[in-house]
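Everything on this sheet refers to the single structure shown next.
Chain IDs A, B, C, D, E, F, G and H follow the sequence of writing; residue 1 opens each chain.
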């Protein structure tokens, strides 16, 4: 049984590559999809396609319309969602994706360090599972296939 | 036509009272509901009802289960959602509530200062309307009744 | 049994007033809601609330976000939708509202003159009922109460 | 990840062929579906199958029932919808398809020239993305696969 | 707790009046709605509103569009559906209404004589409850309030 | 694009075989599914699996539970539904299947002779398309692939 | 804001009366509904309405069809569900009601003693909140109104 | 037509192996999925992944969050659900899975011995089919392919 996994969240570390490598090592039949992880590309995609916008507000709105389009396509294809929260930034996109996934009844797992327990407590409680490391996240995915 | 409005977000300022006062002044037939705005009460509600928990992780999980129960009841009753993002904190609950509301097809408005444009760009784009002040939010609500 | 009727469509004639007068005359317990029918107000509502926009594209987008927010609130409250197409303009809003209502399983009636039969044929076929005059539309509404 | 794209809208130009050619050039794994693009065939399909109808109203209704059946099958299969509005005609079918797709939560993109900004403003705002050329639309589709 | 009950089915006997009288006698807080029970009026409603049609096929289609509009409004308002099958006619409307109600998750009860057991077996099995008399149907409704 | 077509209705003639033969001849990539068409097997399936039942009521209920289970599995797999009404019997199963399919938003076509126009008028009007012969039904299916 | 609370579960103790008394004492604007709590009446309702059945299997099936009809009506009306598990019996109805409520997105609370922790662990985890006493359940309900 | 079957319930006997063997013998194109059937593994999975928990309540909650995640993934993939109730234990998970499946409109079959008729009567009545042996369950599955 092949599953598609949407990897929401943190884009400044290589956690997605590590997830993929571990999944490969465990021979799990998973396909991974994710938001645009090139930060500059993600911020620039609106103007890159639609041309120069009047100011940063419109530049950001143009970019986010393309990013949201992409996310909606991929999230609807996903069987499972993993949302990883990093230490930096406000990461409202990650919270937005995780909450949308949960409201769409997608089985959703949150990965966060213990330093974020308090701030993420309502979202963690709403998620199916909350773990602290991507190794643990892979253990949960592997458990589906036992 | 009476409408119920869920006021998600920022709990350390009196913006909800100001929203209610303005709605009253404009004679709008609105009922407002909101998350628990007493921060200590919100953090303590789990242990207050279920008793002492082993440590902060469990204390937070107990509190959030009660807070999420409350939010789900009130959000399902709401016809409209307003989510205000403040300058401080990560406010993942606010993002979670706004995204859940949008996924449930609740008409949703975001209030945020210009300093948050970039960080909130995907959520703003997904929302029906984004404004900068609660006065503007009230103008939008009043427009429903014109 | 009270019903809420959303009156989509044409805003440059007084057809909504005539509908309301006829409903009153027939003593039908109906509440009518509708889009903003003041064309200038509708076009200006974005800048009126959010301030001057860079150019007409952004002015229109700002206005439409508020108009769409309003429509979504009222359409979700409606038990029945009537969409009237006039002779002038392209009226894509009317087609958008009627199609959204039908996809939401709202019982939906279209009012159009015989001159529009061909152009509206797919939407007419998708609607529950198509009539030519608002007198006929009222007859259909009255039939619910027989 | 293969995606099915429904190409709604304008049927008197070769834009669909150009879209397909560009997708092929970019090696995007897309399958394209669309409404009947032979105008005469589309208008005649009811009588062609069901036989001569009493007059144009019934001829049009017979044709549209078959066209709507086809559209519903293909739209439900689509992962993404692109709706292109041309300069001519009222194109209520295009608006109907785009609004139905959006209400079904299909990620939907609108292609329209700047001359149509004002008339399409509410539908553009409701859509995920609005672009001006099919080249831009392809850029958005390609971005899903980056 | 007030409930709205849609009384689908047989229109040539006075069973709806008997249901209402029994509900009144038992002091049940029920509101009853139903299809048009005047057979001639039901058959004629299309031409009555839309004018003379080319032949019986179109006359019937015009009537059924208005009848279906009415049914959809009332069925969506109903909390409970009772469908009574009589001895005569094919009563496809009754089967259509009962099946639509069940697919919409409306609690649905079927009333039919033992002579119809075999012919109605799949629909009876799909319904929540099947009884033989309207007295029994009222007993089931009254049981909700015990 | 492969489609699955559920063939509801009449089981005493060979219309399903003719449909399949015509689809093959036209090279349409269709998979056909249908209810149990062996009438005796269909009536006997409950006792055949569950053993002798107390009387005909229970025998019929046992059979219909298995038949309905089968229908629900296959109907949920179907992209398109064709319901053929014959001259004989009351065929409440056919009406039940067609109405369930329509309520589930499955594109649905009805095949019926002109002798059944009046009795089937509401269901015909609710269906996407109504035709008179299976040749016409195949023409509609083939039109999807043009 | 008035809420309707469905009290699922244990029927051999007076916990529902105690819940109602506490709610009254706290002045909470709640309406309570529940399954039939008279065990004999619940077991006998099928034969009481439909007459003597062939044996216990059919007697039980007749009773459960009426009980399930009642439950579906009341559960759909409920804004909140409380499911109390007692020490005795297998209480599969309670688990069935709680799981149905959760799948319908009804905010759901479980009340169970610590002796049942292990056996109820998956259902407790799936529920919004799990408490040990009805006093705690009332505290959670009261918290909605703070 | 390949179908995925979720085998809920009893984990201390080899009934799933017997089901698979019989399906193979009958050449049915079925894929079977199921909850974790190693009881110790199922109870330990939380601590195994997340580490030692403070006490049994938290140990159970950690395990159940992973088990529920797994179940949700597999249940959403299933076309059909079979829930077998054994003689021992309270098996609230089985009731929870069966009720969730039924509420999600998954065609669901219950297997239970006659000794459980009374206790399972409401769930049996709600299910599509109830049988007494897995041989009968296979007969029902095979009937889909006749």
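To be clear about the criterion, a contact is a pair of C-beta atoms (placed from the backbone, for glycine too) under 8 Å apart; a residue touches a chain by one contact, two chains touch by 3 or more.
Model, not experiment: these values are computed from the prediction.
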Chain A and chain H share contacts with B
Compare the contact pairs of D-F with those of each option in G-H, E-F or A-H, and report the one where over half match by residue number.
A-H
Centroid from C-alpha atoms only, then distance chain B to chain D, rounded to Å. What do you get?
38
Whole-Å distance, C-alpha centre of chain B to that of chain H, is 39
Listing for chain H: what residues touch at least two other chains?
65, 68
Per the touch rule above, enumerate the chain pairs that touch, sorted by label.
A-B, A-C, A-D, A-H, B-C, B-G, B-H, C-D, C-E, D-E, D-F, E-F, E-G, F-G, F-H, G-H
Over in the complex, which chain C residues touch chain E? Could you list them?
1, 3, 79-80, 105, 107, 109, 128-132, 136, 139-140, 143-144, 146
Which residues of chain A touch chain D in their complex?
4, 31, 33, 36, 38, 41, 45, 48-50, 65-66, 68-70, 72-74, 76-77
Taking the complex as given, what residues does chain E use to touch chain D?
54-55, 58
Across the complex, what residues on chain F touch chain E?
56-57, 60-61, 63-65, 67-68, 71, 89-93, 95-100, 102-104, 114, 117-126
